[in-house]
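We call the chains A, B and C, going by the order they appear; numbering starts again at 1 in every chain.
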């Protein structure tokens, strides 16, 4: 091989290309398709005489019709979400009962009987084990319900029709119709939603979908929203409508999330992302009956377990950190209470408090452990009775008891509302951040996607807090 | 927190937001203006002068100091300084009052033009920037790329012959392809021709042309030509332009007897139950979008019909080569068809 | 093109069912590498699962398999490693998927490339097939979803198709495991050199381009006498494909 000859070949190609002009690609593609048409003419026979019933187009006519298209869509997606949230309650409490109320004491007494030093027992069992157990109990059931259902819809071929129906809404905010699906997937888990953006084959729209996926309230945050809404918002209205109002509040937060998703998508496409390539095409594949059990199996393996595993990997060290900051003392104060008092001022500006901010910092790995951490820290700084001890996360069986602890920690209706807002608008969990990095392969966009929501959260909670204090 | 009250907190917040806006708002933010002024060094001025001289000489106009100072957006003293330096370096010389490019100056100018047009081509093919932004971005870039980077860029783009406005891109040896054609107002009624160039300066007129949806490479037929307006037909639509606007379009008349298909339409005008054959994709669809459309089978001669109407009006799904593919309205408008 | 390519029915009788072992993801010490290419939505992953016994997720959705999936099977004591490439419409553009698929066929040098096509949409699928046949001459066409095609009253003359394309054609319905034994048999025969393909080359190219391609391909062949895809490299050079230019400079294409 001779380098000079190769350079000559490349030089020749440049020269030839210049002579051919700029239509090379068009001509080549047209040539290939012309060949394909020639071959097909000789080999393929379509018997038009037998009029066949096109089930596909019948279904399509219905699911994309003006009258039925949207109701069907909301019905299906609503059912999926409802089944997920409601259906997960029972297995979740079962798991919590098993992992937190039975195995945890068992492990503690086992550790005591072999004479494990208190700090090792605390670090491993109260820290690492509890965090992992919590994440499994809260996260596994909804995901094991949500992902198989979503995958069934996907395999059947319905989801592309949803993208088709909704595209013009998303187009207005510079996004791709398929973002409707990655967004819905985000209601299950943001990390899975970010992975799902692979179906968007246009670079600009894909980045938009990745960056804004965090505005979909994920499974780890639904329970927080429901708990806080029930305790604080449900309490200010007559008890006959309290559950209805608190449900409305949670839905309001989810809808607000979608509003942020559209606004931020629009702003991104007009500013930082306007130079990225943007294309659109959407294939509507034929419907194929999904193979039920196989789909269930693969969605459990491919999606649920992989995401759960990642969450566990990140939650374990978080548990350790939570235990450590509450048990390592600098002078007379634990790291946790020192951090809380130094962040209290900033927290107050945002209508929150130091406990909440610290909980969100240490709970970056998993939104599931935010409430247990807040409870533990509140008990620790207020010194009220209850709780399991420094660094041991816990949850209370009754909502009233939870409410009492939080009110003792100085919570008001404003704190509750701002916590709900901040739970919607804060950085993605570390599993999602890691996934964003893997998908974009860009530190710049990962950092942007992580920081932008927190800043939004600060601004929104700050404004709400000031106006609240001014007018109420 | 002693003297906290919500009003002062809000005031501080809005002051900070306002400051950030003043500094960093796009283009007019102080930060960007400062940065731009900082970067306008002597090299930039020299290169801009060379480019202006090149364009003037190409269009057969003569330039003296006064005209130059008028067209360039720099302080007079800096321009004079730059010109002195350029005469010393033999880039330009004076013929009495008239400024002229020397051989080296001309080569240098061609290099700048090459970078500018290549970069516009790059922006058109490989990025999503809107076409109104190409020119300004290329103006910045032309001072930045060195010789090797330019050649790498050209290779990456496949050594294109023309920029997206139809201007020829000089090769690295200084070869420039010929743009055929005359200004649109010079054409007779009923002439058939192809638009080969759209002038992107002045901006006001260029924007007007863009708004009309007229693009390079499309066939036109002149219907009416008088002092007040020029009417022509292209891609199934009729356009009416004032002569001053039309003068920015260069059209190359087609000598051969081509049959300009009378009932060419855009795919976006296809109705349910109608079928059509694809004539081609308008040159306005370029880069990655164009490639995707071609790959998906939107090629000359393909049969197409509407598979599904959208409840919200767009995108519609089209049945092409056995598959249902949804396209947005603006994409469908760039696919030319002939209805059956 | 008058090569004697065996059509599916000549080969099916030879399938040796006892010689088959599905290896799942255990692909150490393989003898041959097989690439699986095809448009999205052609049931490519189903074919992959049928061949390997794995249960890869098969979304009804273009562009699902971005990460490369690998698996394997053993046939007549030879081990085959199977690589499922991303589903793409073409190899000419620059998306991540297309680059991954193209790079594997070009640089991974698979011993056999199985091109899965949807029998209902043959014309559209041939776009990719014809491009792949410019790159590699060891390929088999897997005419999948034959059951759907039958329901749609589409009949395909497999012999003529095999003759036109110059590669073996195997009709399958991977969902029901139909045609998979024949496919395995054909893969094995191509890998072992029993079937020699003489793939179709793109014909309908305008004269000026054809002339340029010929000139360039001749120069390339002068430099690399045994290169199978000089024409395709010429296409890529004319397109200004930086990656191919660099690979050519580094001598990675031979």
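By definition in this document, a residue touches a chain if its C-beta (ideal position, glycine included) is under 8 Å from a C-beta of that chain, and two chains touch if they have at least 3 such contacts.
All of these numbers come straight from a predicted model, not from anything done at the bench.
If each chain is reduced to the average of its C-alpha atoms, the one that sits nearest the average of all protein C-alpha atoms is A.
Taking each chain's centre as the mean of its CA atoms, B is the chain most distant from chain A. Counting C-beta pairs in contact across A-C and across B-C gives the higher total for A-C.
In this assembly, the C-alpha centroid of chain B lies 41 Å from the C-alpha centroid of chain C.
Taking the mean of the C-alpha atoms as each chain's centre, chain A and chain C sit 38 Å apart.
Annotation for chain B: residues touching 2 or more other chains are 155, 158-159, 288, 291-292, 295-297, 323. Of all residues in chain C, those touching 2 or more other chains are 90, 92, 120, 123-124, 127, 238-240, 245, listed in ascending order. Across the assembly, chain A contributes residues 10, 14, 17, 24-25, 29-30, 33-34, 37, 283 that each touch 2 or more other chains. By the touch rule above, chain B contacts chain C in their complex via residues 152, 155-159, 288, 291-292, 295-297, 321-323. Interface of chain B with chain A (complex): residues 1, 4, 6-7, 9-10, 13, 26, 126-130, 155, 158-162, 171, 281, 287-297, 299-302, 307-315, 317, 323-328, 331. Of all residues in chain C, only 89-90, 92-94, 120-121, 123-124, 127, 238-240, 242, 245 touch chain B in the complex they form. Chain contact summary for the complex, chain C toward chain A: residues 40-41, 55-64, 66, 90, 92, 95, 97, 120, 122-124, 126-127, 129-131, 148, 151-158, 160-161, 164-165, 200, 202-206, 208-209, 212, 215-216, 219-220, 222-224, 234-235, 237-240, 245, 248-249, 251, 254. On the chain A side of its complex with chain B, the touching residues are 10, 14, 17-18, 21-22, 24-26, 29-30, 33-34, 37, 57, 60-61, 64-66, 69-70, 164-169, 171, 177, 204, 271, 273-284, 345, 348-349, 462-463, 465-467, 469-470.
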